[in-house]
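In what follows, structures are represented as structure tokens.
After this come two complexes, each holding chain A, first together with chain B and then together with chain C.
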Partner chain A sequence: MNSKFHEIDPRWAWRRYEPGGESPWNKRRAAHLFRRAGFGADTALLNEAISSSPEELIEQLVVGVDSSAFTGQMNQMMRTLAAGNNPRNLASGWLYRMRYTPNPLHEKMALFWHGHFATSGAKVEQPELLLNQNELFRRHALGNFGQLVLAIARDPAMLLYLDSATNRKSHPNENFARELLELFCLGLGAYSERDIQELARCFTGWEVNQGKFRFNHYQADTGVKSIFAEHGGFTGDDGVRVVLEQPATSRFIVRKLLRFFVADGDFPEALVEPLAAQFRADGLQLAGVMRTILGSELFFSEQVAGQKVRSPVEFGIGLLCGLDATANLNMLAEELGALGQSLYFPPNVKGWDGGKSWINSATILGRGNLARRLLTNSETRFGGRKLPEYLAGQGVVEAEAGLNRLLELFVAIPIPDSSHARLLELARRGDAWADVLHAITVLPEFQLS
Partner chain B sequence: MKTRRGFLATSSSLALLSFAESTPAFLMRAAAAGAASNSERVLVVVQLSGGNDGLNTIVPYGNEIYRRARPSLAIGADQVLKIDGELGFHPSMRGFADQLEQGRLSLIQGVGYANPNRSHFESMDIWHTARTSHQSRSLGWLGRMLDELPPHSGDAPALHFGEEAQPLALATLKTPVSSVRSLERFRLDVGGRAALRRAIQESAESARGSSNDLLSFIQASTINALSASERVEAAVKSYRAAVDYPASGLAEKLKLIAQLIDAGFRTKVFYVTLDGFDTHATQAAAHAGLLEQLSSSISAFVNDLHAHQQLDRVLLIAFSEFGRRVAENASQGTDHGAAAPMFVAGSHVRAGLIGNHPRLDDLDDGDPKFHTDFRRIYAEILTRWFQQPADEILGGRYEPIEFLKADIG
Partner chain C sequence: MSARTESPCIDRFPGEIMSRLNVFGSPLLGILAALATAAGEERKAADLLPSTTVIYSELPAPPRVFDLVLEHPLRRRLEALDDYKKAFETPQYAHFQFGLSMVEQQLGMKWREALNGLTEGGVHIAIDGPTLGTVMLAKARDAAMLEKAKETLLRLVREDASRKGESDPIRAVEYRGVQAYRIQDSRFATVGSWLVVTNKDDLGKSILDAWLDGGKSPLSKDADFVSSRRETASGDAPLFWTFVRLRALRDAGIAKELFRGKTDNPLAELLAGGIMSTLRNAPYASSAVYGTRDRVRWTLNLPYQPEWVPESRHFYLGPTGEGTASLTLSTPSSILSLSTYRDLSGLWNSSSDLFEADVNAKIAQANSQLTTLFAGRDFGLDVLASFRPEMQLVIARQTFESPELTPEIKLPSLALVFRLKDPEKTLRQWKVTFQSLIGFLNVVGSMNGQPPLELNMETVDGVQFVTAAYVPKESKESEPVPINFNASPSVCFIKDLFIVSTTRQLAQELARSARASGPNGAAAAEKANTRLQVDFAVLKQALADNLQHLVSQNMIQKGHARKDAEKEIGTLLEILNSARGFGARLERQAEQLQLSLDLQFEP
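For the complex of A and B:
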């Protein structure tokens, strides 16, 4: 798939999407926007979306709307979940947030940063610290990347996870410094082992005391360090600044944003560099680059439709969002873990690989079984009602029109005619919209976004 | 009369054969491949996670250095199950002692690699990928092998049974590998609705004209998953174990594997793990329990396969990411070490001890030194068991340790 990205003209790719002709602004494209920049949309939201322009919608997603009431409610809920002192309890709260947030792009970015600055409850056992880190992701979701890195470098959960909390002058611990270079900012090969050792010295004395960051100047190495040909008595903040000034940082982050929001796989330099240049010119502000990506010709083109594998969270929350459904989120959190994505428990410091790694026979069957549970469990409500009544209210009644409505809602790319015919046969049986929906969720196309 | 399973197998093959020309070639071959043959070889990998204490597994009971280094943990001559005048099994390993007597178990001693890494994560990665340097470690040694094999059927080429994340050893570039937590999770629940099951099956099989490689990959995985789901169900329904398996997690998984092998499941590699070997404190009881589970489960598995006339095509290996320190620590436990023994079971193995017990008067930073690189065992498996190009898969030339008998071909 990557080869075709090499043939794409970057000037066309990042030009602002102009609806019309072969790429009209319609429900299919609106559904694409909400799947990628959020967690999905139901019919009502799609109808609303096509009466605005894509530009207005993207602006609203990037800037966000006032969510103080929702945030207050969420904070209370999360503190309650944290009080159980078990980090496993937190996931259902975050799923709730993803399902109902008025600012889906901010929430999607928080999930992106959780995978990027992966920190696991398997090692950081205090839920409070994981929650605080999660709030940090949300606060800086579309803010300044440099400030986010500075905040993460002081974040107690991260300090504990990567052993910075034991980074002493006499025995610098290189774990955090290594990941700052390899996984957080620059990528493999853009630094030397020597840079890691010198950078680790900058963070000596950065400790955690009673769940809070503390600078212990007795343990701080104040000597001269040399990182990327710069020399000085650098502090940790200086170290971060030196790393962020490397041009590799902008390219590394843009590449990862493209993988997360546009298509699985690697993007050629020619497509990355224009956005990286914008990112640098903006002083590593994220909002501008995200506006360009989401509002681009490439983003709304056929070249990237269905070019991402849905993560388990996107699968589960996407199904709920599309049907305005409330479900047992504790059950959902556990099942998503079985499918490979336990929130607050990324598999390792590299986070989730994504793409094809989500898929194997067991996860395919697991996804199908999860969908069935969500659709048929008596606890699940759709717009406050049972599924048949809800669907009838949405105009999903006549077999063919109803099926097409559901496909438009959930499936990013067309399905083969013969698959369509099989689903239609099922829909004509009359009593079985839950079965039709179940069959849709097992379609290979449904696993794509 | 046609059985349900027979009918499904036929109909899905026909559906595959009716694919348009855009059908991925490997699916066509898969459809044409037909039923499993009884001569196809299988590898079962048992991973002992945490770092198994090799010294208390194959015990140098007569060694003075061993006894002195382990005042609370040393196992005496009167307790071990003797292998020879110097070495004996841990007393809880009756099953292994039986298999040794039957000529179906070989014990490869002093296995490890140069510059041992004592981090669980790193060392396990090294064992999984057969790469010790800073080369890319995204593919597993078994994954590389699976990528070499011609695709042969709808059955998963490798299956991992367990709750834990899929082992890196199985990471492939091309061939999707499945992880299975339990049989329940390996069956598609359609609420008993046959029409729905058919609609799902046929919707997945419809030819896709698209060049989207993610879609082709997911379609192949879906077809594979649906067929595996049917076959697992059928296999389990018809199976009668020939022996009593002990009541343990490992035994349960191995029994399931025996069922699938006996059902002619065309999976080449089965992978299970037994965790808990990281015995830093009060090791004795925990380690005894683990070794008991290991040895009795594997022994039952081998006996069961033998009774079903399947043992000839099955090889089982058990390994750990490292051994442990010679000296015990202050908490009646042992810390991370280096070289350790590896176990191989089957009817084609040269039974008995292979290689010398590592010397205890010549240590590497407190640990027994390795004399046999683990990749030499992989090389034997790849070259002689699977007839695959070991050098390419292992990224270098490793002289195979000949633990398989000469006459296996």
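For the complex of A and C:
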């Protein structure tokens, strides 16, 4: 647990961030917002961001902009990628989406849900099913969590992944019921074995046939069930409702959101409960609680800066976004897999552990190599140009000023003087900005968001 | 640098030279010098090179090549590509352009005019065996132009060194009255209108000796060289011609992999095994490039003797080296057609002589499994032995009748055509094997959630077809059609031909071609051992069928927006429009084996 969070006053933490004094609204804070609520921002976007208030920006991120044209293009692309009948082809398409989406927060939420409702192409080999599930996450990204859970409970990819393609009343399949309670809604310890068994009875008759959800009424157990002290002839939808009504649900989801968007590690109950209460009061609507989190004093405070380890996706796409770069995304998808994050292939039903688990001696080396490859590959373009010309256009010319611009863009926390001196020496060599950028990406501080 | 007189125009004004030499009281010497100069100018490059030359290449008329490349319509299409443009927007290219404009200014002419003039008589490159020296000989339009270029180059190099604060990098030496220069490891000299550049003193001296005195044992009189010249003398003059003394390379242990006995690549053996045997024995090889605006052709000629090919490789050219590719089925939708003579049974059964141990182990395992599939008939001795050596591979564009059953990715069809030795005996065996295969695919496919294949038999115009087609889902919803639906595996039997195809459509088209092509299902016998033909118009259609997929891949690989990706793919398809087709041919002509590749452009 982040011990310093114990000392934080929840009323201050979730109060709306008011720029000023020791906490001005500047490019550093704008970069922090885009890193956490999306995948990063380049200089142009940061310049534009500081001309708006943080509240306006966050509202735009939460509500989103009209993306029908982009969505149409992406649907066409993903359809052709799925046509090859290999789920491994999908990752590069999603990376393209993350890089170019006009709604980065929605895309980041889709990534969050992908890790939360983990489903792997290693078992669900039909790309269309994985794509449909991914669309589900996007559709409900900042919508109603209850609706999302109901939809996931019928999602063929999820049911196949959890071996719940059939669920007969004579032998109720407990897999999905267990994961619904433990991993998706309540967390460990908030239910009993009996709750699992009774919930499993609710889902009897829920099947997947030829890649589609089907309700087989012959196999449905219509008897009375008892779940969390509620009794009734519950159907699957009723079972989900009962689970969602548990206060533990709101706390569990809020904790996960805080861990994904605010800081690695756990949060004290005192910080979680106000948001959980808001979440419940909003009827489990996600937009409101996300507005509160992203627009809070805590989010923009120094206590949170650098408190998250960048995931491989955030590392790779963040570098591209920060430099307005285009790169070979097939290559990137493969490299991100080697760093521990293969999109559409989470390691198990718990998804990715995140945090410090992203970092070990092999992945640190791998990150540096990936950055070098992205920066020097002949297919990579920066704003449509080569790196030196792009950086010159961004005012990264003189050694010290240029270095400071890059650090402001990419690094969440101050770096030691010795690291700064080393980078400056490199920057002074002239024509070595690719080396400088590479050196930045291997800093310990760069691994933190 | 020039022969040591005060006038650069030796070959133009011998009288002037004589008059100057008279000043020194050596009229006889003057006559001899003039004669030597005139004789030198008459010599060809092969007259100047020693017979120990191992590799010799020549561009007899470089200006013709420059015109062809720089004025070709294909170049204009390439210029429309972003990648092409970006290559010319780099600082390095700008630096090069600046340097080039400086040189043009010094020479007083544009670079192309200069290049044409300096190489008008040809460019020749050679590698000498004993000295391991490399030499380039270029003959200019005239000595005056060459002299001017030389002086310009020397001046520019010296000015550049001076600007950098370095010492003069050029060292002048003299050999038999010829001024030569050395810059780092290169030596060069101009004699008459010849430029000689080499990295070895001995080689340079021998060339100058030959220019002055006539070579004692020049390459032009070497028996192998003369033979190879004769072999490519007929027909159009080549743009580029190369002679390689294979015997010398083999003796020196160069490219051992190429000449060694066994291979670990069965496909390479199938495609090139017979050529490899020839390369291991032929004393030399020659290659030529011919070109016009409509066509570029490359040929490789090798002397050939049937006894050079061991029995294990008789599968390739036949026991007497006269195996021909007699199957010539065609279809308008054909993208690629490869007709060849290959005795597959011979290849399979000779595997222990042809392949490395690990490949043989895999072949043994495959033989065992395939024997099971073919109901106990040995794959090598029985199954493959039922085919005659003539076979044909056809890859064709597929069209789909029903939009509801058209897959997102449209794959081409592929078919193999064999000639059966005893159709009546083997036809039933092949039918049964095909049925077993479909059954096997259905069992495995259903375990992986794939749709089943439905088996059908039909006789159309006396031709028996056994076909299989994927059964579509009974879903009212519009869903993407899986990639599997590209396939409708089919076999058919017509006369002595056995056609195996990934689609019913291609099987039917080839059957129609077989019916139309004569009593034995083949056109009049061809001379070629192997024939390949690619139709770029159909290839372009097949690619256009998958435009969305190509655009998506472009977006992902280059990060383009859809509009930019469509433009780039469109340009690439337009470039494909420039080419009409590609052909390859392997043919035995008397005591020669010739491999030719042919690229045809649209006019």
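The rule is simple: the second predicted complex is superposed on the first by the 448 of 449 C-alpha atoms of A that agree within 3 Å, B and C clash if a C-alpha of one lies under 4 Å from a C-alpha of the other, contacts with A are read in each partner's own complex, and residues count from 1 in each chain.
Everything that follows uses one rule, which is that a contact is a pair of C-beta atoms (placed from the backbone, for glycine too) under 8 Å apart; a residue touches a chain by one contact, two chains touch by 3 or more.
Since the structure is predicted, the reported quantities are computational estimates derived from the model, not experimental observations.
Room for both chain B and chain C is found when the two structures are superposed via chain A, with no clash between them. When both complexes are overlaid on chain A, the residue A:122 reaches neither chain B nor chain C. Of the two partner chains placed by superposition, only chain B is touched by A:356; chain C is not. When the two complexes are overlaid on their common chain A, residue A:84 makes contact with chain C while staying clear of chain B.
Of the two partner chains, chain C is the only one touched by A:211; chain B is not.
Taking the Cα centre of chain A as vertex, the centres of chain B and chain C in the superposed model span 70°, given to the nearest 10. Once the two structures are overlaid, the count of chain A residues touched is higher for B than for its counterpart among chain B and chain C. Of the two partner chains placed around the shared chain by superposition, chain B is the only one that A:432 touches, whereas chain C remains out of contact. The minimum CA-CA separation between chain B and chain C in the overlaid arrangement is 11 Å, rounded to the whole angstrom.
Common to the chain B-facing and chain C-facing surfaces of chain A is no residue whatsoever. Within the complex formed with chain A, the chain B residues making contact are 121, 156, 165-166, 176-181, 185-191, 193, 195-196, 198-200, 202-204, 206-210, 212-215, 217-219, 221-222, 224-226, 228-229. Residues 90, 407-409, 448-449, 473, 475, 479-480, 482-484, 548-549, 552, 555-562 of chain C are the ones touching chain A in the complex. By the touch criterion given at the top, residues 73, 76-77, 79-85, 92-93, 95-96, 99-100, 125-126, 128, 210-212, 320, 325-330, 379, 381, 386 of chain A touch chain C in their complex. Per the touch definition, chain A reaches chain B in the complex via residues 1, 264, 306-309, 338, 340, 347-348, 355-356, 359-366, 368-369, 372-373, 376, 413, 415-419, 422-423, 425-426, 429, 432, 435, 438-439, 442-445, 447-448.
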